[in-house]
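Order of writing sets the chain letters: A, B, C and D. Residues in each chain are counted from 1.
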Amino acid sequence: MPATQSELAAFMSREFPQTKCTIVATGDFGATVRHEVGTGELRPGDTVSGPVLMTVADVALYVAILAEIGIRPLAVTTSLSINFMRKPPSAAAIVGVCKLMKLGRSLAVGEVNLYSEGLRDPVAHAVGTYAIPPG
Amino acid sequence: MPATQSELAAFMSREFPQTKCTIVATGDFGATVRHEVGTGELRPGDTVSGPVLMTVADVALYVAILAEIGIRPLAVTTSLSINFMRKPPSAAAIVGVCKLMKLGRSLAVGEVNLYSEGLRDPVAHAVGTYAIPPG
Amino acid sequence: MPATQSELAAFMSREFPQTKCTIVATGDFGATVRHEVGTGELRPGDTVSGPVLMTVADVALYVAILAEIGIRPLAVTTSLSINFMRKPPSAAAIVGVCKLMKLGRSLAVGEVNLYSEGLRDPVAHAVGTYAIPPG
Amino acid sequence: MPATQSELAAFMSREFPQTKCTIVATGDFGATVRHEVGTGELRPGDTVSGPVLMTVADVALYVAILAEIGIRPLAVTTSLSINFMRKPPSAAAIVGVCKLMKLGRSLAVGEVNLYSEGLRDPVAHAVGTYAIPPG
């Protein structure tokens, strides 16, 4: 029932052809995704825009959940809460590392640490909840 | 010191040329922005993706703040929390209506109701905080 | 099926005998509750402690939901998010004004403005979600 | 400049005489606190009330911050966001384990896992931000 990383990658490129997120790893109730940063992702102050970080958090959660329960496209975010902690430099990709804290029958909760690739301290931290449709 | 709607529109198109948000109204400690929905904004289930709604919330807050304090590009989101309440239909634009709840010297807090254009009940509700750089 | 204010007051004093919240008003998808502030509610800085404000928010939401759906004690908070905006003076009671934004079959979402009695601007703002057990 | 556990315990019992939280450990950008559960902490469903969990989260954050920066009573919560994940049994104390994610000059961000004593999976997870007054 779980989905492999390559099944998830195929699903994402089919259903979200416009996404710039790639899947780096899945498994163990978690997932790591990566988002290249180009001119379109920047904002004044030579830094990455907030919505890019929120997008990475949302995708990391979605991938972590589908990796466990299998590909059920209709799982939907019900809430997301993010704190921005450090200014991400404009030259580094954003990496989101999700860890699921609860995976119930109808609700999942996970946290995502967001990093500027190559830096140690997370630039942001998000917590999200997902509603899981009946299997 | 406040910025007019046309000054804000010029600022947004210069600094965020990739944004699909347009400014509908500003003033009275609030702002309304609108985001067209095309194929790139959809997700499985014939609905609008969560990150699009988060983006609209973030832009609505940013515009509402800059409308009051003037154009200070370095104001940055410090947190954003969103609840998704109803499924936005794929055919309608997303409209974000922001109301500032606090506008202090260094911190602003606002809420944003997010609507599918033409529908009465909001599809999502967000609360965000912004750090304001010294003027 | 809705519950009246006196039914709710009786329920609260039976099930939460230790609560200091009283119900001021209910109806129209909302509720107002009030919490006296005494020495036990203060913290350094001559102000009201954060947990008191969170408690008022939680009770206001619970009362607003039960007022609509009737007394189902097993409705439980699934998330709560609060922003503290102004310092509540130690001498004023806290008043929580809840407005439900969504009341679905299994999930409710509401916001609560928290006031120091007699002051105009809210001291805090909360958003909470409740899981509603099958009726 | 950091405060020891016994200094923090003395401070808490002096400034928050009504608190039922005791400090279990501090250090390494974290803190563990414990809250006994008695009749006054319960709610219908034979479980612990949400505000008790929020209180433990708030105290754990406060203690973790003061342990690092020294006793500055005027540090105040600016936001707190909590997800309730599992039903805490009524017979177990609540233990909050805080880990600071950012400790800046004027702002701290931390997360708190909340446990029913003796159980492995957290019953709730909170993220809070604190404003730190000038030292």
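We take it that contacts are C-beta pairs under 8 Å (C-beta built on N, C-alpha and C of every residue); 3 or more make two chains touch, one makes a residue touch a chain.
Computed from a predicted structure; not experimentally measured.
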item: Joint neighbours of chain D and chain B, given as chain labels; value: A, C
item: Fewest hops from chain A to chain D - one hop per pair of touching chains; value: 1
item: Farthest-lying chain, centroid of Cα atoms versus that of chain A; value: C
item: Whole-Å separation of chain centres (CA-atom averages), chain C against chain D; value: 22
item: Separation of mean Cα positions, chain C and chain A [Å, integer]; value: 33
item: Gap in Å, rounded to a whole number, between the CA centres of chain C and chain B; value: 28
item: Residue list for chain B, restricted to those that touch at least two other chains; value: 78-79, 81, 83, 129
item: Residues of chain C defined as touching chain A within the complex; value: 78-79, 81, 107, 129
item: In the complex with chain B, residue positions of chain A that touch it; value: 15-16, 18, 39-40, 43-45, 47, 49-51, 54-55, 58, 73-74, 76-84, 87
item: Parts of chain B lying in touch with chain C, wherever the complex brings them together; value: 81, 83, 85-86, 101-102, 109, 111, 121-122, 125, 127, 129
